[in-house]
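Chain nomenclature is as follows: A, B, C and D, assigned in order of appearance, with residue numbering initiated at 1 for each chain independently.
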Amino acid sequence: MSEASNPAGTRYYDTMDTLPKILLYNAHERKDRTCMREKDLGIWQTWTWSEMAKEIKILACALAAKGFKRNDKLGIIGNNRARLYWSMAAAQCLGGIPVPLYQDSTANEIIGILIDSDVSFIVVEDQEQVDKILEIWDKCPLIRHVVYEDPRGMFQYNQPFLNDFESMMALGRRYDREHPDFFLQEVDKGSGEDVGVFLFTSGTTGKPKGVVMTYNNIIITARNTIELEKLSQKDELIAYLPMAWVGDYLFSFAQSYVAGFCVNCPENTETIEADRREIGPSYYFGPPPIWENLLTRIMIRMEDAFWVQKKVFHFFMGVAKKTGARILNKESVSLLARWLYAVGDILIYAPLKNALGISNVRLAYTAGEAIGPDLFDFYRSLGINIKQLYGQTEAFVFVCIQPDGEIYSDTVGIPAPEVEVKITKKGEVMYRSPGVFHSYYKNPESTADTKTPDGWVYTGDAGFFDARGHLKIIDRIKDVGKFSSGELFAPKYIENKLKFFPHIKEVVAFGNDRDFATAFICIDMNAVGDWAERLNLSYSGYASLAGHEAVYQLIRESIEKMNKDLALDEKLRHSQVKRFLLLHKELDADDGELTRTRKVRRKFINEKYPVLIEALYSNKDICRFEAKVKFEDGRTGIIAANLKIWKAALFGSDAVREEK
Amino acid sequence: MTFFLEVLISGLLSGVMYSLVALGLVLIFKASGVFNFAQGSMALFAALTFVSFLEMGINFWVCLLMTMGVMVILAFLVEKFILRPLINQPMITLFMVTIGLDFFLEGFAQLAWGTQVHRLDLGIPNDALFIFDIMIGKQDIFIAVTAAFLVLVLTVFFNKTRMGRALRAVADDHQGAMSVGIPLKHVWVMVWIVAGFVALVAGLAWGNSLGVQFSLKTITLKAIPVIILGGFTSISGAIVAGLIVGASEKLAEVFLGPFVGGGIENFFPYLLAIVFLLIRPNGLFGDVHIDRV
Amino acid sequence: MNTAIKYNETVFQGLSSPIDVYARTRSQKIGAPILQVKNVSLSFGGVAALEDVSFNVKEHELLAIIGPNGAGKSSMLNVINGVYHPQKGQITFFGETRHKMNAHHSAEQGIARTFQNIALFPGMTVIDNIMTGRNLKMKANFLEQALYIGRAKKEEIYHRQKVEEILDFLHIQPIRKTPVGRLPYGLQKRVELGRALAAEPRLLLLDEPMAGMNMEEKEDMCRFILDVNDELGTTIILIEHDMGVVMDISDRVVVLNYGMKIAIGTPKAVCEDKDVIEAYLGVNP
Amino acid sequence: MFYRETGQFKTSYAADRAIFPIRQDLYGMGILLLLALTVPFFVKEYWLSAILIPFLVFSLAALGLNILTGYAGQLSLGASAFMAVGAYTAWNISTRLPQVPLLVSFIAGGITAAAYGMFIGIPSLRIKGFYLAVTSLAAVFLTEWIFTHIGWFYNYELSATISTPEMVIAGIKFDTPIRRYYLTLIIVCLMALAAKNMMRCTIGREFMAIRDMDVAAEVIGIRMLRTKLVAFGISSFYLGVAGALYAFVYLRSVSAASFDLSESLHILFMIIVGGVGSILGSFLGAAFILLMPIFLNLGAHAVLGNSIDPQNLATLELMVFGGLIIFFLIAEPHGMARLWQIIKEKLRIWPFPH
């Protein structure tokens, strides 16, 4: 075939076992299909597969010209930009390994990663990133070249190892003219066993580990999920999550290549909202916080609406809450309800989705942490097919997905295709799948203790399959305890479940080696405050509000609601909270009760509040307590309080057990 | 020669009329920065009201008072419903709003008092008298005198009385008015009352010769070139320019007209004004201002 | 006098303002004078605004004009770009000398400016405002425009891209389609700078570009001005009140007082100058 | 609410600068045009010749005035004068030189009007605001005088009126209202499109620049006089053509009196009510000002029966006009066009209030 007809010099491969080969395949099969857009200079700059393949080819040649060899590592730092994605591909074409890094991490955070993964070339977005590299330049002897995409402000730099993207491309073109066959030869050398990418774990637990993925891991996982979710080249995706995150690599890169759909890069971080609206993605991923603040912003914006408008809005939201999710799950819904929903769709739902730019969303994922049932149901009731998935970097994301029509806010669904999941005796979730990572780079021992020789991987999460055969993740395995009766006790699970109630801010659950569960509750000052105002309860401050009978009543109802739920679940019914108290103060990072990221520090609390804990397990219903507090001005003082301890009703067989 | 003088004088006499109306415009403009296109309609309105009262057989002076009362009310309404909402708007907007007012008043006046022509007789003999065998209509003289008298009154009012000075202060800057210690809205009401008064007199004067009918409103159109010539903010300018316009248009009509087929007095003043504008954009006595950047 | 010395520190404490993190690293060499102002005198109806002012501006240089209110700073700019016509004196720009020139001509010569109190076109969007700044570069006749063919269409598209580059340069992409009337003050100033840049000027006159801005906005503005000066190599004359800013970013400073030039030189030299201190503190020796 | 813009993105500046960048607007426009094209099949001929044709003609006139007053910010009370020039020129050409195609004589009318307009506009360099308005006022009187006193222009008809010959374009006789309607429709649409194009290109931006901030405009390098004259020229061209249509297509027999000051004021009202500086506004305004008396009439008859005296109706009309102008200038200086804009914005972000 002639150069002209396919600029990148595409060819068929009987085995499309590497992404570069798939790229060339697309450049031929989907020649004129748009594969990437980037909002730049006010319009969506567009590339078809063949155009992009050509760019990548040139870029690859440029890298080669600069001395980039097989198995060299190419670091990538920056927001989601087309050229950065190309750099990944270019490195892969040369048999090199791309190593995307988090763009917002500091110089000191990236230095470790750069060294561990022997990065020798780096492509960065702009001056800001260049400065980071320069800061740590001396500490990374391996790095040979730095390429920057955006020349803005770079006119002052004259380091020889800094390369402007355009001049790189020029170099690439020259190199390509001189070595016409080079590119294809390099691509041919690739095979499925080759390493495709290093993805670094976020490193919340210990220092980040470089997860090594082979093309087989990548491509097979991508294929399976594409088939499962019926993704096609017609889909549209917005790439807005960090490139270093495994999810982005799978959705915006691997799946896009395999399915052939189009990836859109927003103009910049402030314009994501607007850009999403323009593109109208059909496939969308967002961790719970993103959905969360989308919802809050809707409610805030609706606040100052004209009252009629509000009335209509809330009425139809009510309708949606009742019927929406059920229609989506194809359950039977009365004709009237359907009709009402249809009206609501014209008046509210469709316009709302349009305003948020999610009208065309056919498939949306949420993952990373538990999502509140109300939040989850809100979007489903609008008719957006949002699903939870359970995944890990080591699994190349997919472990479990909620299948269409079986969506429950409290489970993460059933194992993804070709994924086996089992639960250890200790209750830890293990899985084995084609996506299972090859190893941690240069870290055999941690590889060994995460991955068994026969390919099973420890997730470190405790969970179990419920009656419907759906996986329920309850907690990190290390936090899971046992009741004296031997049944499992998952504090985090209880706490999360309670925290989803609007009036509850923080919860600390106890029960390890005890015979039932109890809890400290911190009320949400604002929510409960409003509630109290509506009932015009008088209160002077947090403590007095928390001490209020009515508030106790309110919280007890929430707890009993939860207990009712738990009772339905064989594994969890013992975890029903039997006694609880409302703390006289909010848990506070300054007092060391929370981590800076607002995670409860159990150990500390156990040491600080033994009296209260004992009281919870005694049978007294009031307990005096003095607490040391740090005031704003740094002085410390004692406040004393008498805390009531209340009992919450238990349900199911546990209730019976109570009778005895 | 005598003929020329006759024309000149009759021109000057009607010129006084123009000055009178122009004065009304200058007043309002000075005080509220509004070019009042509705001045003519106000004259029509005033005159119609007056004659209608008169036709009810009410005593002349009572009618006069009643009409004044009506004009006062009008002034208040204008201030409340038009000027106040449009405070600090560009002059052009204010100008256009008075066009609206012009239509409204014309419509209202005729709806209220009917569209037919009312004869108005102020009992001035309609014959002419001769001074050095120059013929002059008594009515013209009478009108001219009243007008001249009114002009005098207003000039005094403006330069001597506290209120008058306040009005001028406002013209310069709105704080100015405050400093004189008179709230802006009172000032505005005041000028519009005065303008209403002027309108009434003008209306009667013309109505007396032409009969009271909607054509009265065209006197605004007569007055416009006058204030262009005299400058929007100058009383003396209005007077002088009035005379110039009056005289020149008559002369032009009589001595140029025949050569071009007559009827030029409608636009001749305008040509005069424009030519003049190009030479001296701020009018005869208009104050010069440089716009700073 | 020693009182003056005492004030001295307080007056120029701006020297240590946060902005001096932008210590100048020049990429453009300061070249030969491109603008000479010779013995310019200007007065409004007898009131003298400028008296016999002379100085010159070198290529790629950032020259600041400072002075108390009413010192004639803005008038100076207005003379340079032909809005005011000086009674005496002449101005030479790129070898072309003139006593009197109109604003349009100076624009054609490549002099652009911003105004003390923003003079944007409130009815138009940000894009259109900046686009208007390029009008001298547009050649399409009205027929082409009426039919939206030929040059008209080409120009609209070509210049739109140029405008987008400016939006990008000033980080105002998110507001590109907002009518400027609705923008907050700080952003309007930025847009006005953008409009001036759109003309790709050889000399840029900035009349208090940071007036009424908060610290953060000022720092941004400084950054932009420096980038314009360095990256685009544009020569800039800047009027600014914030001494800190002036000291940090300008190469030379001209001090006006009551329409007269009382000092010219490097920031340091100028703020040690006795007359200048007096001018600022009004203490007579 | 009905604006569903998700998924409408632009990949080229051409698309981004399109007249109707939002798809729904495009469709709306399409439907409107379709209606305009099919309406003759639904309505009586009377409607065509008494309402739709004048509506189109006056829309064009309002558009012309809007270009000068709304976009370039030069207040003019002289609209009717330029219409008159257009009308008389077209008439003279088509009667004296029958071989000249009608459309050409229309265009010639426009061009002459443009020239006249530019001449009238010359003072606009030195004088601003209503000083200018006055000049245009003079134009009205001057023109009216010329066309009443210089016989040549109306071919010495005793009535001093001109009655237009029958219209033939490319062999097609435009003798029925339907045909005349289509002729007007096409001309008006094309000219409106042209106006839109000019206003979104350099010319339009220069106009708005001198309107919004003339000093800044000058500093940017916009030539004051040139731009203002262009504004007068283009505006008068539109008015001229409108005048020609007014004479040929609508009244078919006019005298100078039909182009008096009140005609000018009517057109001014149209743009004030419709929307200053808006093409859409010109049409809305024309429709409103033309239909208002009709509805007034119907209303009055409905209320008072046929007893009502036409005189009073006329004066009532004056009052309502005046009241409307005052109302709009105070309540919504940008007229109905802005109202529509606001509604549209609301629809776009619905269910959110802002």
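Keep this in mind: a contact is a pair of C-beta atoms (placed from the backbone, for glycine too) under 8 Å apart; a residue touches a chain by one contact, two chains touch by 3 or more.
Everything quoted here is computed from the prediction, not taken from an experiment.
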item	value
Far-end chain from chain A, centres as C-alpha averages	B
Between C-D and A-D, the pair with more C-beta contacts	C-D
Inter-chain centre distance, chain A versus chain B - centres from mean C-alpha coordinates, in Å	79
Intercentroid distance (Cα basis), chain D paired with chain A, Å	59
Chain centre separation (chain B, chain C; CA means) in Å	49
Whole-Å separation of chain centres (CA-atom averages), chain C against chain D	42
Two or more partner chains touched - positions in chain D	12-13, 16, 215
Two or more partner chains touched - positions in chain B	293
Contacts with two or more other chains, residues of chain A listed in rising order	42
Contact footprint of chain D on chain B as seen in their complex	35, 81-82, 85-86, 89, 91-93, 95-97, 99-108, 110-111, 115, 221, 224-225, 228, 260-264, 266-267, 270-271, 273-274, 277-278, 281, 291, 293
List of chain C residues in touch with chain D within their complex	81, 83, 102-104, 106-108, 112-113, 115, 119-124, 128, 131-133, 135-136, 138, 140, 142, 145-148, 152-153, 155-157, 160-161, 195, 199
Chain D - residues contacting chain C, complex	12-14, 16-17, 194-195, 197-198, 201-203, 205-206, 208-209, 211-213, 215-224, 230, 234, 277
Residues of chain A that touch chain D when the two form their complex	37, 42-46, 236, 277-280, 298, 301-302, 304-306, 309, 312-313, 347-348, 350-355, 357-360
Chain C-touching residues of chain A, taken from the complex the two chains share	41-42, 152-153, 155-156, 267-268, 270-271, 274
